[in-house]
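Chains here go by letter, A, B, C and D, matching the order in which they are written, and residues are numbered from 1 within each.
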């Protein structure tokens, strides 16, 4: 259950894996992301839950991503996600454009062992129109009431960063409940954590309700400040200076390579 | 938001309401149940989430229930639910026999504003066979893969007992997550609580994730020991002596009437 | 070594859990709960046990839908069900006897059976009372069907039935029970006389083995202590531990 | 009383929230967020505001699916969307320009628009840039359609569009925008010249009113303080409060 370091955690993510990652504010394992880039991971099918930012942009720029399934990739106040935008224009990544509730619904279907979940809205959008896995079906309880069916999304791996784990392998996630859904839905769940809690989190009436039981957790490793330069709710904020600097540098492929060299001590080989 | 007492809370439950109540261990408002019986509530459509025990049995015996929709009514270790069993045999209540995950699925459909949720299992059972609101539909993503559609269950009122509320009207439920689903699904949510917490529960990183925001709460009243003689997780256990005594007395209609007189100071009029 | 009937049933059920990674136990199931704890004790810690209503032996953070979702995810390998009536095709009835809905005998209800019976690979039926009242030709209400048409998604289903008299296996392909072993002191004839449905008989039918000394030691030690948290009345009656709960 | 362009936009959007019980604001929306806080301040506390990503102004206990479920429950009355492109039928495009998928201009993505645009009764489109680049005859990608066939469940949809130049209302029945008011210093002709789609014009078209002194006071006081928690760069630039974040 416990891995000695981030590299050995990330070794469980094979190239080509369908990898689910949470949105920027929810606990992104940037430590594991750097390790994936360092290893030169390839052809990941990134499922953003439901959006991403720096994490997706770095992985795309470093050439780790084959397909990105998401509702939005953005650096928020710092601007557009530069490597993502370039990769889309060049056609170097596959795109599965989605909408937030459809990504949640797909994961919830997998969580429930269902082949699909119905979802309101979407009819007539190009999100439905540009993919073949969102058919319109009939509401069986009303006449002439079309509704979208969202196919289950079962990730090979869910990967995120959380504030706490205990020695049994239970993981506390606070109010980032999408992490619970991701862990329920995925075949494997890999977690970096800020701290190890000495007592069983499930036994605590306040931690317990927001704790993912070890049943769903494949492996954990400690990674202090593991979300940096993103923030971790309740622990630390994002490093805005760093994010602004990233956006400025990554505006060109050369600048992106320079960022990898300088900040990750990584010599990009297969990057853009 | 805050009502002065249980009777004024319960005044929001009109006769004939579709009333959702949680299972015995999850925080049953017995205080409100006694008040409903005292008022002589009539023709309730009781939705048990997903089962019930003393609460349903008392309401049925006192003549408050028109229909019960549930996956099980039992006094657990203390035996069968006597008034429920009598009412079924006499045909004095309507029955919608269900199964636990179908009740959860129906509430989750309402929570998501969906007309239905698909559900595995059930095909070929008399649960499906004996009611007309669980059709078999086709999985749109596979050939010849029938699956049950569970119709959304939107209660008029969700009623339960919780450990804590704060002064903003947020309610902490611990790990009884079905209470969150009930509050999301129901038109109105009425809560009795053990205690009032001085600080905003949503602002606390440990209470927050298991707190129902006031957005979903219609009214709250304080009722110390409001689950008695049932237990409240983390606060107090059930009163086993009382429950055994109930089962013994309620074994006959006369004994049941006697129990109401003695223990609830209620003179049953329209009871069985 | 002497042992009680309950201790024997616990040991028999535990023997059916060999190789299981995660067994879950529903409400009102003290003997299956004890059997699961025993199987874990004998597995040297490799088995996960989740007992509904228990605080200590509880894999979940939510007391409601999570167990059902967990089963559908394929994370629960074994589960127990009883049955007010059980028929020869392993259909179970937890609802009542007579014409539905206004039945002359009414039980609690189907609970999660209509769902878990389809999804958990190893469902063990446990019903001590072995009479023609229980083991019927055809159940009066199908809470959960024993088998399904080939096109119905069904990774799970019944695999065994344990009673006071014997142990049956269930063959979903043949849609029939097979008598595997008879508990000491009983006979095939006695089983036949008390069973309202036809069944196959293993060749040879063995005698159900007695609990091993290791098993008995575990049952009376950690298993008894642990099950008492969830089932105090049962633990008091069978193991003589804990306080007696008021009459 | 002098006011900035941003302050005016905040006041205009707030005026569109009259009578709303609960307004929710998505990510990357400092002006709509400020407008909602202003509307609440002017409503004397009867309005609920939920700002995604804010800790203080947040009605939810979960940062994920809850907002979408909440909208489907009918518990959110108003929401804002922008649009990289907006066409005359109120279709919005948040994805990009050119042939999908390898578009020459790519934006972040559709976020929750394809869903909330159907379910929230009062969707206010807010897109400051009023040019033919944005206000197009037909969007290149429909993130969310402005209207739906009568058989499609659609309790919500767009009701207004606010730009740097003017305020439009949207009539779902006619599937057309109507120019309601022009911001001071601009003209109907200027709006026409910069709009790539045809629209109706109210008779008469009024001038968009300036913020009231009460509104300005609230904007510069509690609204500015509050929005700075979620949008520090914005608050620093527009209200000069908080520390400047590194270049």
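Keep in mind that, in the parts below, contacts are C-beta pairs under 8 Å (C-beta built on N, C-alpha and C of every residue); 3 or more make two chains touch, one makes a residue touch a chain.
Bear in mind the structure is a predicted one, so any value in this text is a computation, not a measurement.
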**Item:** Other chains in touch with both chain B and chain C
**Value:** A
**Asked** Which chain lies the greatest distance away from chain A when centres are computed from Cα atoms alone?
**Response** C
**Request:** Between A-C and A-D, name the chain pair that shares the greater number of C-beta pairs in contact.
**Result:** A-D
**Fill in**
Rounded to the nearest Å, the gap between Cα centres of chain B and chain D is 41
**Asked** How many angstrom between the C-alpha centroids of chain D and chain A?
**Response** 28
**Prompt:** Any idea how many Å lie between the Cα centroids of chain C and chain D?
**Reply:** 59
**Request:** Could you list the positions in chain D whose residues touch two or more of the other chains?
**Result:** 61-62, 72, 119
**Request:** At least two other chains touched by the same residue of chain A: list those residues.
**Result:** 113-114, 119-120, 145, 147, 175, 177, 208-210, 233
**Prompt:** Taking chains as nodes and touches as edges, what kind of graph is this: line, ring, star, complete or other?
**Reply:** other
**Asked** Quick one: which chain pairs are touching?
**Response** A-B, A-C, A-D, B-C, B-D
**Message:** For a test of understanding, state which residues of chain C touch chain B in their complex under the given definition.
**Reply:** 27-28, 53, 61-66, 68, 72, 94-96, 100-104, 106-119, 141-145, 148-149, 151-153, 231-234, 245-247
**Residue numbers on chain B that touch chain D, as the complex places them** = 110-114, 180, 184-185, 202-203, 208-216
**Prompt:** Which bits of chain B are touching chain A when the two form their complex?
**Reply:** 113-120, 133, 135, 137, 139-142, 145, 147, 149, 151, 173-175, 177, 205-210, 233-234
**Message:** Give the list of chain A residues in touch with chain D in this complex.
**Reply:** 25-26, 49-51, 70-74, 76-77, 80-81, 84-85, 88-91, 94-95, 97-102, 104, 108, 119-130, 144-147, 175-178, 181, 233, 240-241, 244-245
**Asked** So in the complex, which bits of chain C are touching chain A?
**Response** 22, 48, 55, 58-62, 69-75, 119
